Amino acid sequence: MTDREEKISELIKNELNNVDFFIAYGRGYDPIHVKPLFVYEEKDLDDLVMNIFCVHNNASYLKTVKDKKVGIVVKGCDSRAVVQLIQEGLINRDNLRIIGIPCTGVISIKKLKEKMDISRVTEAKVESDSVIIKTSDEEKRFEKDDLLADKCLWCQYPTPVIYDHLVGETIEPSRPKELEYKIVEEMEKEDLNVRFEYWNKELSRCIRCYACRNVCPMCVCQDQCVMESRNPHWISLKSNITEKVMIQLIHAIHLAGRCVSCGECERVCPMDIPIFKIKQKMNQIVEELFDYKAGIDLEATPPLYTFQVEEAKIKEREW
Amino acid sequence: MSKLSFAYYPGCSLESSAKEYDVSTRKVADILKVELIEIPDWSCCGASPAHTVDHLFASAVAARNLAIVEEMGRDTLVTPCPECLSAFKKAIYNMSKDDGFKKKVNSLLDKPFNLNVEAKSFLQILYEDVGKENISKKVIKPLIGVNIVPYYGCLLTRPPDVAQFDDPENPISMDTILETIGANVPYFSYKLECCGAAYGVTKRRIVTKLSGDILKTAIESGADAVAVACPLCQQNLDLRQDQINRDQGFDFHIPILYITQLMGLSFGLSASELMIDKHNVKSDHFLEKIEKGLKEKEKSEKESISSKN
Amino acid sequence: MAEEKKEAKIVGFLCNWCSYGGADTAGVSRFKQPTDLRIIRVPCSGRVDPLFVVKALESGADGVLVSGCHPRDCHYSEGNFYARRRLEVLKRFLPFMGIDPNRFEYTWVSASEGQRWQQVVTKFTEQIHNLGPAPKREEKSDR
Amino acid sequence: MRIGVFICHCGSNIAGTVDVKKVAEEAKRFPHVVYSTDYMYTCSEPGQLEIQEAIKKEKLDGVVVASCSPRMHENTFRRTVEKAGLNRYMFEMANIREHVSWVGVDKEANTKKAIDLVRMAVAKVTLNQPLFPKSFKVNKNVLVIGGGVAGMQAALDCADGGLKVILVEKNPSIGGKMAKLDKTFPTIDCSICILGPKMVDVGQHENIKLYTYSEIEEISGYVGNYEVKIRKKATYVDWTKCTGCGLCMEKCPSKKAFDPFNEGIAPTTAINIPFPQAIPKKAKIDPNYCRQFIKGKCGVCAKICPVQAIDYEMQDEIVTEKVGAIIVATGYSLFDHTKIKEYGAGKYLDVITSIQYERLLNASGPTSGHILRPSDNKEPKTIVFVACVGSRDKSLGVPYCSNFCCMYIAKQAILTKDHIPDSQSYVFYMDIRAPGKGYEEFVRRAQEEYGVKYIRGRVSRIFKRGDKMVVRGSDTLLGTQVELEADLVVLATGAIAEEGARELAEKLRISYDPYGFYIESHPKLRPVETNTAGVFLAGACQGPKDIPASVGQGSAAASKVLSLFSKDLLESDPQIAHVNEMLCVDCKKCIQTCPYGAIEEKKTPMGKIVASVIETVCQGCGLCTATCPPGAIQLQQFTDNQLLAEVKAFFHA
Amino acid sequence: MALINLTTSTDENFVNQVETLSGQKISECYQCGKCTAGCPFSFAFDYPVSQIMRLIQIGQKEIVLNSKAIWLCATCEACTTRCPCQIDVANVMDICRIIARKENKVKEKDVKLFYDIFLESVKKHGRIFEIEILMKYNLKSGKLLTDADLGPKILPKGKLNFFPVNIKGKDSVEKIFTRFVEGIKNNE
């Protein structure tokens, strides 16, 4: 166990009396796969890890435990989901104990997979700016930045925005903000019809597994979600391209002004559909129009649930 | 004020029967530092005769000149003559309203006109671009003690959609200039009544009736002279004044002067420089009255200074 | 010629109090309009979930129009303020998905503005005709 | 379901440009449609009977009528189906008149569009649910806005009928335009003599609460339960103390104040009672002219007021009143003749307006009823009246006829002759419009008995010649130009909408025409109602009209209110939001956005926390439905599924 | 005035022709007479301008085209400026002149003659040559003494040119004339 893991364990141990359980990170089936760790008692802490492979947003579980007292370990990006949930009154701050972890980035397994066969990883470690992955056959060394998740490359919130305990020193943001909407801007260089066909192609792969929605920390409807209840009749059971597009449009619109850019939707997509782009476009629009970013300010209101009589940035329609 | 410079269109009358308007315009412009560059090889605007043939034809005759201005790299054509002004403004107005019309007009021309030029009267330049402050700076012999009524004629402000200048029912641009150069401007209800225009040759009786009414009203208003801005109006009121007297039984001898001539006088130019002696009706009495007014003013000023001392 | 006469599929969501009334006023005044538009009456532009626009477009609409009371004149005082935010976001979002934003407009027409309604319908229908029929989605497979 | 479809011809209104038979035929093929027919006038009694018979015979449980706008006849047909035993909400309309036959020229395209609209209506009605209204208590006070003759009549009729009336007038006194007039046509009654007693009645009626010098600030609520905020403008005189003795007016040193009552032809004092018969007869200070306000010192009125009513520190005050209905009687304004440059743009003293002339004729006016022209106070001998100044003039944006000018010109010409027997009046007119009882005879009398010379033609220009005004016009009957040298010219300025009419309409949520006059529910059959329930119109705010028409409308509006208030309870619209508790995830978005605060949280018997709609507060806007992510809260009659069904019916035809 | 048989003399084509060429809606005129009231030439017209408008409304082509009024209108624009129906009346008069010219129905021959000579001068020189115009007019109209009294008044002033100014691009002006005439021929 690293020092940091020791400290986290200690804090959780002390907090266990105040909560029903704690959500942290635990060892997975190999060194590069981490799983969420639900700590009910001290011995559950044996599996605790805190490293560069702790990719999950633990806040995704909060929506299922509405009235319970829960502890949670969050990175900077994860913490924005916690703030947004509290802001919308979907969870109660008083029921929460939060351990914040300053973070310099997590590994995108998808990127790693493109560079090497990861079916038999035996060891993984970080040495300053390098990541070393050993398998039974080989040992590979990568520039850390080449493996980081996209969202880490423009991260403006390396330190959690909300916590009860902070483990480690506050980290100042050092990544360039300009990169934030780069994936969106790249896309917009293409013509409309190219974009149209791009999404037809990408979304054709969708298998309607709803993993993107299930993992989304802000999707609080769960079983009542219109995608599954199909009442109201926004969507049918058919597995055709229009319905697949519709799924993403519903998700994007329901998240407009609420999405905290954690990127979990795309990370968990088994078909590798680049759906985070869609969310980022919506986030860009919301930021442009309302100077608003979700999950930062506990007192704010999501911009689509409020209004200004005179909108500063919406022109009176010429129409 | 940055130096004003315009493409200048004198028009046929101004190089012939209304030469004094051209001369006085150029002199006044010179004093006011307004550069007037004569449009090379300009042709007749077409005037009303062209409009009785066809609007397309009339626009083409006018637009030939506008196309030359475009070629000069200028954006404003300035002319002292309201008749020419109206021909240009109508051409521009009709061509910009209807693209098909514009194309047809250009098909009659050697060089097309692409609507990058607007037309303005010299009066508009004086009133809007130069302004009364700058005019008043040049006044050295104010026209004190004379009553002058401004006669605008029909076309300087009408129709308002096309003319886009001054008030179509009660224009004040010449009034303002006359006041600026020191004259007294009495109430005059015939500022805009038509003088009979080009019917002087063909329908003399009409012109002498209409122009006679204008002169009568001017004299009833106490005018010593009438200020005009149109060569046709000047001709009807001045050259035909004897015909008016004969036809209508009047005995009028009222000088009809171009606004530019009056300005020139106030700027210290002599009557002969301004070709005031080339008019039919003599201005001697009027000019004497100005001199008298000036002397009286000087005298009273001296008295007031000495009384203060 | 028959091709030219082909109608576009256009649907309009109009608030009952202003724009639907404005369309009625246009009718009463016999202000002639293109015939492509089908109007769905809603109580308020605030009732128009952006998903209706999306659903219509995905169902094959060539154009979608939403019209409500002018801002500050909402019958329910605030509905169109929400609509304005939500529909503006949607309008900016559609092109990212490859949908021409000109296929969707939102506007404000009051019950008395019959002439304005005529102009809106005419202009929008013209705009949609200029865009032509909306592209159809087709399933794409890598394999 | 068993749905019946009824396609209306509306005479040729629809059938002229829509193939109604074909629409009815097509409708038979729509799902659930078991009966479809067309009829000449579906809204007529036999038309309605046919629907009722079909409901019984065909056992219909849903009805679609394709005809005019639902804003026109939805209620008519809802009552129809209800009488046949169907729930009134199991009914939908397809608007194939205003939205189809009247706006499209191509019959084929119109027919196609009508078929689509019917299909969409059928698809919607399939998902309709029976709804049942609840009733609520009515506040039986009525607000009357405007204290002119129409508003006064409406207020008196309501008050006599036992209702409490709140009368709000923006001027310091009630009376309106009529109080300024000298005589009225065609009887030459003294205007203030017949109006004065009515004004006193209003002032003294126990059921009328008068707010003069007050304006409407804000209106909220709905029929039966309006809340009105009224701004009482500062008068700087405590009206509870002021006795209207007039001493302040005698002593006020600022004697050049603009006198709106006399239309500016003579000045008044800065503190003034607008006119002798004013109700309430109270003084007010015009701070634009009062020396205390301009120079900071004077205080004469405060010193001499016997009851110490002067209060220079007074501020506007906002009061709130609750009412159940509103009568709008805000009247009209007069065209600003200074916009007409060829008539001198207001710079000739002896070119005046008709209303100014009324004040010159009036015995209590500034000239004590002697006609003296403003420039030199001489008696004019030649008087020229110019009709249609700011009426029937497209170039000035007033293409409509102002209705009453022809009559008051005749009246003024007659009175002129009475005042100055050796005078001669001329009238430039385009047409004489005298359709009222005794009106035509009156105009003839002006010409035959009083020798008024009527000249058919417009005036081109008015200018000065010596001390005369030259009027140059034409006599189109002769086909000549004519000129008159007048001592006085009277311009019959037309009626335009009252300043602020549009702003008030926005507050009331009623509609207005391009000129700012309010639009009635139906131009023929509902002339005093508006499309906002509980708001009624009276007088010239709806369009130029003369005194008898205004009084008639005042009474009509009052009777509408009395009939509305004859019930103690009104039915609330059941088209409100409803929560599906199974689907609600308690995300609180609806509570956050509801404009009325009509949604609260509640615990179900199962212990689940869900949103819950307060039925009497919900106004049915549907914002919550558009906001709810799982679609748990649905606006009845406009549910997501109903609207989606309409969309689907169009695109998957 | 003679009886007008509306059944036989109403020419709807003429109404349409005037409306198309002028871009004005003649039916909008409600005969208020404001144009006549302000027209400086009313005294000299055979039909006042409002009656010309009325005659056009009821399709009286012959009367309109044969009227003196249309040739005596000087386009002073007072009517257009003041028309409450926003009709460009002066333009309508202008169009009537054009139609009359095309149909060879010109009541005021002298006016047309003067215009023709004026335009001839433009065509020939590019600009007008005043003395030539006057002399030609006197000769062709047979009114040899027109303005003879003005000669002694103006000639000694030395303002009038005794020779025409021929501009360099006069052929480009002439081409406007020829192209226009060709255009008409081609259309026919």
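Going in written order, the chains are labelled A, B, C, D and E, and every chain counts its residues from 1.
What we mean here is this: contacts are C-beta pairs under 8 Å (C-beta built on N, C-alpha and C of every residue); 3 or more make two chains touch, one makes a residue touch a chain.
Just so you know, these numbers come straight off a predicted model, no measurement behind them.
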Excluding subunit D, groups that stay connected where the other chains sit: A, C | B, E
{"item": "Relative to subunit A, chain with the most remote C-alpha centre", "value": "E"}
{"item": "Contact-richer chain pair (by C-beta pairs counted) among B-D and B-E", "value": "B-E"}
{"item": "Chain centre separation in whole Å, for subunit C relative to subunit A (CA means)", "value": "35"}
{"item": "Whole-Å gap between the CA centroids of subunit C and subunit E", "value": "52"}
{"item": "Euclidean distance of C-alpha centroids - subunit A vs subunit D, Å", "value": "58"}
{"item": "Inter-centroid spacing, subunit D versus subunit C (mean Cα positions, whole Å)", "value": "31"}
{"item": "Residue list for subunit C, restricted to those that touch at least two other chains", "value": "55, 59, 72, 78, 82, 86"}
{"item": "Contacts with two or more other chains, residues of subunit A listed in rising order", "value": "234, 305"}
{"item": "In subunit B, residues with contacts to at least two other chains", "value": "168-169"}
{"item": "Pairwise chain contacts under the document criterion", "value": "A-C, A-D, B-D, B-E, C-D, D-E"}
{"item": "Interface residues, subunit C side, partner subunit A - complex", "value": "50-51, 54-55, 58-59, 71-72, 78, 81-82, 84-86, 88-90, 92-93, 95-100, 105-108, 120, 123-124, 135, 137-142"}
{"item": "Complex contact set, residues of subunit C against subunit D", "value": "5, 7, 9, 11, 13, 16-17, 20-21, 23-28, 30-35, 38-44, 46-49, 52, 55-56, 59-61, 72-73, 75-79, 82, 86, 110-112, 115, 118"}
{"item": "Residue ranges of subunit D touching subunit B (in the complex, touch as defined)", "value": "341-342, 345, 461, 463-465, 470"}
{"item": "For the subunit D and subunit C complex, residues of the former touching the latter", "value": "69-72, 95, 97-100, 102-106, 109-110, 112-113, 116-117, 120, 220, 506, 509, 511-514, 519, 531, 575, 593, 595-596, 619-623, 625-627, 635, 638, 640, 643-644, 646-648, 650-652"}
{"item": "Subunit E - residues contacting subunit D, complex", "value": "28, 30-39, 42-43, 47-48, 50-51, 78, 82-86"}
